[in-house]
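Both of the next two complexes hold subunit A, though its partner changes from subunit B to subunit C.
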Partner chain A sequence: MAIVTGKKNQWRVWATHAFLWALLAVMLFPLLAVVSISLRPGNFSTGALIPTEISLEHWKLALGFSYVGSDGKEVTPPFPVLLWLWNSIKVATISAVLIVALSTTAAYAFARFKFKYKSSLLNGMLLLEMFPRVLALVAIFAIFERLGAHFPWLGIETHASVIVAYLGGVATHIWTIKGYFETIPQEIEENARVDGATHWQTFYRVLLPMAVPILMVVFVLAFIGTIIEYPIASILLREEQNLTLAVGSKYYLADQKYLWGDFAAAAVLSGLPITLVFLAAQKWIVSGLTSGGVKG
Partner chain B sequence: MAGVKLANVQKSFADVHVLKDINLQINDGEFVVFVGPSGCGKSTLLRTIAGLEEITSGTLHIGTELVNDVPPSDRGVAMVFQSYALYPHMNLFDNMAFGLQLAKVPKDEIAKLVHSAAKTLNIDHLLDRKPKALSGGQRQRVAIGRAIVRKPDVFLFDEPLSNLDTELRVRMRYEFAKLHEDLKTTMIYVTHDQVEAMTLADRIVVLRDGRIEQVGTPMELYENPVNEFVAGFIGSPRMNFLKGEIANVQGDEASVKLTNGTTVNAKISSPASSSIAQVNLGVRPENIRIDNQSKSVACPVKFVESLGSQTQIYCEMPGMEELLTVVVNGTVRVKAGDIVPLAWNSDDCYVFGADGKALTQRTTQAMRAAA
Partner chain C sequence: MSAAASLPETSLADARKSASAHKQTPLLGWAIAIVAAFAGLYFVFSLYVAGQALWALGALILVALGIAIYATNWSIAARYTYPGLTAIFIFIALPLLFTMQIGFTNYSSNNLLTFDRATAYLLEQTTADEASVHEFAVHEVSTSMLALVLTNPKTKERYSAALVGSSRSLTEPLQASPTPDTFDVGGGLQLRDRIAMRDQLMRIQVALPGGEVLSYAGLREFAKVTPVWKQSPDGSLTRNEDGEVFKPNDKTGYYESASGDKLTPGYTVNVGFANYARMINDENFRAPFISIFIWTLVFALLSVFFVTAIGTSLAVILNWEALKGATIYRTLLFLPYAVPGFISILVFKGLFNQNFGEINTILNAVFGIKPAWFADPLLAKVMLLIVNVWLGFPYIMVLCTGLIKSIPADLYEASAIAGAGPLTNFFKITLPLIIKPLAPLLVGVFAFNFNNFVLIALLTDGRPDFLNTKVPAGTNDILVSYTYRIAFKDSGSDFGLAAAISTVVFFMVAIMALTHLRLMKANQGTK
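Then we have the complex of A and B:
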């Protein structure tokens, strides 16, 4: 910036920096603490932030290796952490893809078509989603138990049931995408209609390419939302090999025997897919995709 | 190629009645311009022809086909929007080729059509670019090019030149004229701009508040407006209107007594108006001259706008509320505060009744030519 600034401004810059550092510290501390715990020998939650002694024992367990403890006994991994991680990634990816597909098509209808009860539907969906989902747990369990009797692939203990349950939570995403669609000038699509495009072609070839950033945002949000989801997954999945990491890592903290170190390693591991998805999506989250289409 | 025929077309949005009983026949190959004040329904009328709005009642024919319920893509129309509405994520080639691709035209044929249109519009060196990387004028050409390549029966242009600078407008105006001459396709063109309307149109349609006020060639509208609105709308600067009442009618010659007591003669052709009636006397600024003669009125000058080739003088007529606009040659030097003698011919006056209807009928140039 080449704008001339006054003396007073320097103080503001200092204050801003101080504030940002403080904020950063508050945000980063828990993360660093978890990383630190996962690298400390023994299963203790407290200790120095910078470990005095680095031990990879928790990481070995998390990654499925055994290690020989200080007392000479071999310690085998108590839980299949990598399998859980894989389950999580599978469920979250499929859910996020389906959520994006459902909510963009629904948002297109809400943004561009005229039909009866449109606003009641929109508001109703949002209202329903405002109830804590925990309140519906009993119902969700009952529904999938019943469904499972007829369609075993959709019953309790299947990942399909979890994914379908997650698809219920698209209302906020529909709102987000609808809001974005409404900022895109309608003339562009109208021109496509005059050019001979069907509704589907208009949606797919004209509107969607302009909406890539918001689709990515929704994908990331849906991915994060489903990969960290606990209540629904915990009632639909019980058997060890079916669990997602969010549900499974709770096992470290059971039986009055808190394995903080192992838990921390699994926690750091669970952050990995989120980070990767975010980094991959970031490239697509850019502004200005619609610029140049219409005159100012 | 096709004409367009609208009969009793009405259009309402919920409870907003936008188009009111539109009857209009546009001939094959004609260049028709819609003008009218902002919000009068020009874009809406164009969009109903395109099929982007359903008409509430009435019939719309394109060619011989009734198209009330035909989707836009099957109407054989191409539209250039008020905003250009380019596809921002496609390069220029794809922008222009999109319609053809949807119509499953063979690839090499598409390339040929696009390149030839681009060449005509002088954008063939930009085909790889995205719309973002273009100037306003270039975007405009892409929008036009996109319409041309589809070889429509009817072109619809919604204020295509607004937002361009004056120089570019003039050049593009010429290009529109040339385009019409080359393609000889029916074109319907919406504009705010007097000059565009007068220069491009075979016929002008003047709209007000969702109704057609008058349809005619540019000179017909200029010489023979059917009412005060059209008279004020066509011609720039706008016609002067002076309030008065008819004092006396002899044959086709009426004396109009202005509110300041002056009596002015004017031609009228509706004899029914011989009763004493409130009227408006209309005189075009270009028909008033600075002239010292017995009938001249001495008017103080309020302010002056010099445009170089011509000078617009705004005068106060003694005893009248309305300012009088006068257009004179740019060589005439007057300044505010001067008192100038103004005169005009009674032949150049128009008389409008209290309801705004013109009481003056002229022999137009067209009629004179025919006679």
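Then we have the complex of A and C:
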């Protein structure tokens, strides 16, 4: 921009910098505080914000080790954080793989075939996805309670039920992949068809290898979406060893048993990898955001 | 797209090769299809056997559709869309419809079972004959043999019967023989082990020498048990003890006597609009329901307002060319959005803690105050808004950054020539140009916060509660967290009522969703 600016402007720049730093300090305070709290001895101390004494006790507990406290008593981990993390990763990975598979195939049909009700299906899917699933929790609970009576492996308290319940959330992913498929010229597939490849072969051998980037993106999005999901997991999983991280973490801050320091270590341990994945995928997430999706 | 450009060559070759290779071996595909079809039919069959005829029919239609699509050449497109659309149907559309249906029933922890299962449960109830009660113990005679030892608490007579193995199911009563006190029957099992054996013990019947047949009647007792209820041909239940008759009442979902006594458990019945009538007519329920509804609207509106105000301002400031390092600021300010919500909300829960929280430590040191963030209804609401704005502003900031970048620069040049300041620029140029594409997204944010269950559930759980309400309700519950509470938290587990409230919310969400789509369409039209 070729706008002539005066000396007054320099002042404004510095004031803005100062304002932004103050804002950053406030905004990032919770994140920095939690790191400091995880390194501070004890669960109740309200001492200095920058710990005067570094203690790794909370980190030991978070990693599943017990330690001997100052009074000589052995302190054992209050909750199996690593098991919860593993449960979360397991559930999120399997559902993300299945979600990618379901949405890729559907997106292929929506991008490449002409059929009846195509646009109403596409819009209907989006409309349905706008209904938060929190509202249908009673029904989801009832469905899996009944299923579990006949198929115990798919009932309440199983990870299979949670994974299966997540599979419905494919509409936005279908749209994303469909959009990407439409940027790939159709002639390549037509050539393969001329050479005698079936629909499935053109899809699987020709189109999919070209769509790997978008599949990665959708996988990461689905993975993050399921790993942070709370409502469904909280009604389908109740027993301690079955919980996912999102459901289990809140037990650290129960009124009767308030484990602030232990929570801080567990939160940093489990939150950091998810945050890093999210930042790495930020570019695609942002482009997904503008198309109307909202993080849960 | 550079990868895409180089791939086709090899992919095409592959496809050619596999085209010739695969055409000769369709057997594998058929095998998978047949296995899948049978698995599906087995699923339908077991649903039907379990008495879920309607669900079985629905499943049958889906399975049949699947077979029709994959076994014939009816529609290639359907082959690709069937799995995804089925998943959407089963896990999104079906729960929505099912919720609406539950809203018309009395499905709750008291009326959880179907009529048949509730009846079966009642018919299985037994009562122990006081005179025949014997205390029992299980003794380990040898490693492979256990003995059931019964002691009459009054006469102290002992009887014992051998239990061989542990899992045999006995139809004939075991014969117990008198056992003198002096006879050594080995060490007795602890209560814990007896509890573990409960299922097996429950299947055992023991005949005493006098001909009395005893069965398991509790953790410590065997006794002569008789069924409590007898079913009459007309479907009513008669209490064996006093002959009182209980008839099933399909209006309330309970077996009821002439005097109105109800038997628990009840069963699930349709109650029509009773749950909806309760929202409108029940004084005790209506008052908290209305304040929760108003708070839900206020919460969503204020969240949208603050998030938008902060988000757009930051986007405008960071777009200022004279400002160096805008990217760093942007990345750092994006962090609250990148941290998983369940973690940051819980971090705030700890930081806001009245006695141990760091926020009150600072406030106490600077101003000498310690606000009760969780005990005071108003402060709890303020806290929810603060946390929600922290969580949400980066989203709007990122969106607006994109929108502002697309505003032509010459507009600002023109306004600079006219001598306009930054505020004039913002209100006369930036805001009018971004408000239109932003509007549908703000409706989305509103809808999201209208149903922002995770925030409420993890931060305050809706507390502090209203005093003097029949159905417990929190002062900062929003509609969804309130339904969750009715359904899953408090002892009533009134799924029917919760589903009815959810249905009301559905319609509100539907309005928001349609508004969103309409605004989106309007934007596309003007582009």
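Following the convention adopted for this analysis, the second predicted complex is superposed on the first by the 229 of 296 C-alpha atoms of A that agree within 3 Å, B and C clash if a C-alpha of one lies under 4 Å from a C-alpha of the other, contacts with A are read in each partner's own complex, and residues count from 1 in each chain.
The working rule: a contact is a pair of C-beta atoms (placed from the backbone, for glycine too) under 8 Å apart; a residue touches a chain by one contact, two chains touch by 3 or more.
Bear in mind the structure is a predicted one, so any value in this text is a computation, not a measurement.
Touch criterion met: A:206 reaches subunit B and subunit C at once.
More residues of subunit A lie in touch with C than with the remaining chain of the pair subunit B and subunit C. Of the two partner chains placed around the shared chain by superposition, subunit B and subunit C are both touched by A:196. In the superposition on chain A, A:242 makes contact with neither subunit B nor subunit C.
Using the contact criterion defined above for the overlaid structures, shared-chain residue A:188 touches subunit B and also reaches subunit C. Once the two complexes are overlaid on the shared chain, A:27 sits against subunit C while remaining clear of subunit B.
Look at A:95: by the touch rule set out above, it reaches neither subunit B nor subunit C.
In the superposition on chain A, contact of A:161 is made with neither subunit B nor subunit C.
Residue overlap on subunit A between its contacts with subunit B in one complex and with subunit C in the other: 188, 191-192, 195-197, 201, 205-206, 209-210, 289-290, 292, 294-296.
The touching residues of subunit A, when paired with subunit C in their complex, are 1-5, 9, 12-13, 16-17, 20, 23-24, 27-28, 30-31, 33-34, 37, 44, 46, 49, 101-103, 105-106, 108-110, 113-115, 121, 123, 125-143, 146, 149-151, 164-171, 174, 183-184, 188, 191-192, 195-199, 201-203, 205-206, 209-210, 212-213, 224, 227-228, 230-231, 234-235, 245-246, 249-250, 252-253, 258, 260, 263-264, 267, 270-271, 274-275, 278-279, 282, 286, 289-290, 292, 294-296. On subunit B, the positions that touch subunit A within their shared complex are 50-52, 71-73, 77-79, 81-89, 98-99, 102-103, 130-134, 136, 139, 146, 150, 163.
Across the complex, subunit C meets subunit A through its residues 1, 3-4, 7-8, 11-12, 14-16, 18-20, 22-23, 46-47, 50, 52, 55, 75-81, 83-85, 87-88, 90-96, 98-99, 102, 107, 314, 317, 320-323, 329, 331-344, 346-351, 353, 355-358, 361, 390, 395, 398-399, 402, 409, 412-413, 416, 440-441, 444-445, 447-448, 451, 453-454, 457-458, 480, 483-484, 487-488, 495, 498-499, 502, 505-506, 509-510, 512-514, 516-517, 520.
Touching subunit B in their complex are the following residues of subunit A: 185, 187-188, 190-197, 201, 205-206, 209-210, 288-296.
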